[in-house]
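Worksheet for the structure shown next.
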Amino acid sequence: MTLKIYLSGEIHTDWREQITEGAADLDVSFDSPVTDHAASDDCGVAILGEEADKFWHDRKGAQINAIRTRKGIAEADVVVVRFGEQYKQWNAAFDAGYAAALGKSLIILHGPDHAHALKEVDAAALAVAQSPQQVVQILRYVLNGSLPG
Amino acid sequence: MTLKIYLSGEIHTDWREQITEGAADLDVSFDSPVTDHAASDDCGVAILGEEADKFWHDRKGAQINAIRTRKGIAEADVVVVRFGEQYKQWNAAFDAGYAAALGKSLIILHGPDHAHALKEVDAAALAVAQSPQQVVQILRYVLNGSLPG
Amino acid sequence: MTLKIYLSGEIHTDWREQITEGAADLDVSFDSPVTDHAASDDCGVAILGEEADKFWHDRKGAQINAIRTRKGIAEADVVVVRFGEQYKQWNAAFDAGYAAALGKSLIILHGPDHAHALKEVDAAALAVAQSPQQVVQILRYVLNGSLPG
Amino acid sequence: MTLKIYLSGEIHTDWREQITEGAADLDVSFDSPVTDHAASDDCGVAILGEEADKFWHDRKGAQINAIRTRKGIAEADVVVVRFGEQYKQWNAAFDAGYAAALGKSLIILHGPDHAHALKEVDAAALAVAQSPQQVVQILRYVLNGSLPG
Amino acid sequence: MTLKIYLSGEIHTDWREQITEGAADLDVSFDSPVTDHAASDDCGVAILGEEADKFWHDRKGAQINAIRTRKGIAEADVVVVRFGEQYKQWNAAFDAGYAAALGKSLIILHGPDHAHALKEVDAAALAVAQSPQQVVQILRYVLNGSLPG
Amino acid sequence: MTLKIYLSGEIHTDWREQITEGAADLDVSFDSPVTDHAASDDCGVAILGEEADKFWHDRKGAQINAIRTRKGIAEADVVVVRFGEQYKQWNAAFDAGYAAALGKSLIILHGPDHAHALKEVDAAALAVAQSPQQVVQILRYVLNGSLPG
Amino acid sequence: MTLKIYLSGEIHTDWREQITEGAADLDVSFDSPVTDHAASDDCGVAILGEEADKFWHDRKGAQINAIRTRKGIAEADVVVVRFGEQYKQWNAAFDAGYAAALGKSLIILHGPDHAHALKEVDAAALAVAQSPQQVVQILRYVLNGSLPG
Amino acid sequence: MTLKIYLSGEIHTDWREQITEGAADLDVSFDSPVTDHAASDDCGVAILGEEADKFWHDRKGAQINAIRTRKGIAEADVVVVRFGEQYKQWNAAFDAGYAAALGKSLIILHGPDHAHALKEVDAAALAVAQSPQQVVQILRYVLNGSLPG
C-alpha cells in the first residue's frame, strides 16, 4: 500500500519538513500548495498582467493556485490540514471542507488552544494530532502496523 | 424555477432575517444551521450524556450538528456563507469548501476588510457580496431576471 | 427541513415504534425493512417457487428483501441501525457499512455491552445512542433546534 | 489483467496466508487491515494520547484503522470477507456492506453453519466460498481462465 | 415507500397490462417505452425527415426513443425486463445492462427455455420471475410485506 | 412521465415561445436563461458594483448568470440548444458540452447552414432539429407516443 | 495516449485475434472475457461445488465470470461488442448497455443483417463497424491520426 | 506532481507546439485532438464507408473523433482551450463546457477581441491567457512555484 498525502494549511513553520523527513522510510508521496508566500500572492498578476484593483489581483492568484490545490487534494488518500497559531487561515478550513466532501481521510493538526474553534473541522477528521511527529506515527502505523515505542 | 438556499456562517447578527425577509416574495426556501449558540455547543452532551473531556463534549455536539449541516448543503442549489467581523469562523470556511467540492453555487458575504484573507474562498464563489441586500438582489435576478433600481 | 429516516436492524423489540411515536410531531418520514421474520425469511420461495437447497431458499428471499432495503437506505437522510442483545445481526452491520459508503448520516443504537465489538461501526456514525428516546431527541434537535429538559 | 484484492475480516487463523501463498503465481496484489489485534485496538491512544473512557479509546483507534481500511477497499477490484467461527465480527459485515455500496466484486468466505445468518451478505456477493483454496481457484480462473483439476 | 417501476422489453403480449392492473392497489408508478411498434420504428423520420438509408432511418428513431428510455430507467427504483418467446430482443438486454450499471434493482421476466441464454442477465438481477403475477407479488411484498396465499 | 426541459442558446427570436406554446398540452416544464440581453450583460455590476475594467464587468455578470444556468441544466431531462443565424454563440456550445458531460438528452436546433460547423455538437445529441415545431413533435412523441400527421 | 480496449461478445470466430494482431503496433491493451465456452459455463460448479438445478449451476458460473467482465469494462476506454451470426448473444447486448451507462466509448461490430435488430445498441455507439479491420483502423486513427490507404 | 494537459481548440496556428516546447522541462504530458483538418473531417467515411449525405458523413467522423476527445478530456488535470481569430469554433466551446462539467481546471486562451463573446466560457475558467507563453508560465508555477522574471 502506497499513501498519497496532501499537506494543506499553515506555511510559516517547518511542519511539512518534519513530516516528510520523519516519513522518509515510508511508502508515501507528498504534495502541498506553493509555500512561497509572496509568489502565492502575486502569481496571478505576475503571469497574466497587473490589476488596478486588489480584489482582482487576489482573484487571479487564488485561481491559479487552485489548479494545484484541487489536483493535490483530488489525488490524495490522506489530507493533513495544519492550523498554526496566527492568521485567519480560512483557506486551510476551506481545504478541509473540500477534502471532507470528497471523502478523503482527514488528519487535522493543531494545538489545544484551537480545539473549540475547530470542533466542526475536527469532527470530520479521522485523527486530530498536536504534533508533526504524531502525523508521522499515524502514517507509519497505517502502512506498516508498527506503533511508537 | 425554485431555489433552495442554505445560509451558513456567522450567527451573531440578523443577516439571515434580512435575506429571508427581503426574499419573501421569491420562489425560494431557506435552511440554516441551528443558530442558538448554547444549544449548538451543548446538544451532544445534553442528549447523549456528559463528557469529562471538553474535546469529546465538542465532538458529540459537532457531529449531531453535522446531520443538519450536511443535509442542508447537499440539498441546496445555492450556499451563502457569511463571514462576520469577529471569531475564527472556521466552520464557515469548512462549509464553503464542502459546498464547493459538491459543485454548489456559492455566494460569499463579507466586508471589504476580509477580502485578502478570504481570497481562496471568494475565488470558488459565483458572487462575493458585501450586504444581505445584494444577496437578495442576486436571488431576485436569478429567479425573475429583474435588476434593482 | 424534512428528514427521511431508515430504521435498520433488530426486529424483536419495539424500538421502531418508540421512535416513530416519539417523533410523531416532527417533520420526518420513516422506512424500514419488512419486520415479519417468517415472511422475510420465506418471501423468495413463497413467490418464486420452492428450493430444495436452503442456501438458495435464503438467497431468493434475501435478494427480494434487498429491493426494499436498498431503496430505503438510498433515499434516507439518516440511517439508524439498532443492534439488539442477541443474534449475529450481520445484516445490520452490512446496512451500516452500505449506508456509510453512500455518505448517509448514521446513528447507531446499542447498549454499552456491545461498544467494543461495534467500535468500527460506531466510528463511522455521527451519533451513538443507547435508547430510542435519545434518537428522537437527536431528530428533534436536528429539525427544530430544541433540546430535552 | 491485474486484480487488486482486499482481504477483510477474521484475524485469528491463517486464511490470508493460504490465499496469498496459493495465488503467488498470479497477477494479483493484496491488501488487508492491520492484523495485530493488540496494535489494532490500541493504536489510537498509543499515538494520540491516553483516554480515560474506553469508548473514546476505541474511537481513536477505529478511526486510524479506517484510514487503511477505506483506502484498501476503495482501490480493490475484489473484496474477500472472511467470517470465522467466533466473535461478533461486525466490522467484517460492515466492510462487506461498504464494499457492496461501492460496487466492488465481493467474495464471502465462511463455513456452512453461518449460511443463514449471512444470507443478506452472501446475496450481495459474486461468490460464496467455504475455503481459502476456493478463493484462490476463483482468482486463478478470473485471471487465466484455468479451472482446478 | 413509493416504488417507481420501468417496464422494459417485449411489446407483443399484454404483460405490462397484467402487471399494472395487478398492482393497481399498490403505491407504485409505471413507465415504459413507446409500445406502438410502427411508431417506435418510424418516429425519427416522421418528425425529422426521411432518410434514403435504412441505417440512418433506424438511427434517428432509436435516438429519439432513447430520450424516453434513459429517463425512464434513470428515475426507476425497479427495472423489470421481459424477454418474450420470439425475436432477438437485444434492446431488452441492453436496457438490463444499462440499468445494472446504474445500480437499479432488476427483475427479469422470462420462460424457462431462455434460462441458459439469459444466465448473465439473470445473474445481475434481484429476482427472476416467470409470470407477471410473480412480479406483482414481489412488488406487493416489497411495499407491504404481504405474501400470496 | 414528466419532462423538464432547459432551453439554451439564441435569444433574439421567439423560438422559446413557439416551443412552450406548442407544448402547452404536454406534461413538461421549461426553464431558460434570463433572455433580457441588457440585464444579462449588466447584472453583475448592477448588483455588486461598477467595474472599471470591462473584463471584470463581464465576469461578475457571467458568474451570476451561471447560478441560473447550472441549476437549469442540472435539473433538466432534456436540454435544447438553439444556434441562430448570427453571433458567435459560444455560450450555447458551452452549455451543450456541459449538458453532454452530465449525460443529459440533448436536442440541437439549427438551420442547415450550420451543420458542418456544429458536427461535434450534433454528434453528442439525440436529435438535430431545424424548427421549433420539430422539437415540440419530439416532446409529444416522447411523452405520449403520438406522431405528427 | 494509451487506449484500454475490452472485447466483448461472440466467442466462436477469431475476430479478437484479428484485432489484437492488427493493432500489434499500437499503444493499446486488450482484455476480454474467458472465451473457453465450456470453462465459462462450468466454472461455478467446478470451483464451488455441484448444483442439482441447472439454474443455480448457471448462476454460480455467471457470477464468477462477472468478476472479470465488470473489471474489464470498468477499466476500458473503449468497449468493442461483437454480434455474430448465431445465438441469442444477450450477454453481449447486456455488456453494451452496461458500458453505455458507464459512459464508455462503444464500437459495435456486426454484419448488415443485424442492423435493424441492433438499432438501439448501435445508437449508443460512437462507431458501427462490419469488420475487425475497421475496428483496427479506428484504433489506429484515434491514436495516431493516420487513415487507411 | 505530474500534470496531464489536454490542448483543445484552434488547429491552424502553432500554439500547441509553443506550449509543448516551452514546457519541455516540466513534469507534464500533453494530449490533443487529431489536428490534421482533412483527416479529422473524413475519418468516418474513410474507415466505415462513404455516405451520400454530408450530414452523416460529418456524423461518422465526429463520433470517431469523440473517442479521442472524451478520453483526452476525461484524463486531463488541466484543459486548455484556444479560440483563434477565425471560424465558429463551436467544438472548442463544447469541449470547454464538457470539461467544466467534469470539474477540470480550465485555462482559456484567446485574444482580447473575443473577451465579451467568451465571457461565459472565461467565467468557468481558472485562468484566461492571451499567449501560449502565459500558459507555459502557469504550468511552470503550478508545478514548481517559480514565476517569470
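For clarity, chains are labelled A, B, C, D, E, F, G and H in written order, and residue numbers in each chain start from 1.
Note that contacts are C-beta pairs under 8 Å (C-beta built on N, C-alpha and C of every residue); 3 or more make two chains touch, one makes a residue touch a chain.
Quick caveat: nothing in here was measured; it's all calculated off a predicted structure.
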| item | value |
| --- | --- |
| Minimal step count in the chain contact network, chain E to chain H | 1 |
| Of F-H and A-D, pair with higher C-beta contact tally | F-H |
| Most distant chain from chain F by Cα centroid | D |
| Interface composition of copies chain E and chain G: same or different, split at half | same |
| Interchain centroid distance [CA atoms averaged], chain D/chain H, Å | 44 |
| Computed distance of Cα centres, chain F from chain D, in Å | 49 |
| Whole-Å gap separating chain E and chain F, where each centre is the average of the chain's CA atoms | 31 |
| Junction residues of chain H, two or more chains touched | 63, 66, 103, 128 |
| Residue numbers on chain G that touch chain E, as the complex places them | 54-55, 58-59, 61-63, 65-66, 69, 83, 87-102, 114-124, 128 |
| Complex contacts: residues of chain C adjacent to chain B | 1, 3, 77-78, 103, 105, 125-129, 134, 137-138, 141-143, 145-149 |
| Chain A-facing residues of chain F, complex | 51-53, 56 |
| In the complex with chain D, residue positions of chain G that touch it | 31, 34-36, 39, 42-43, 46-48, 60, 63-64, 66-68, 70-72 |
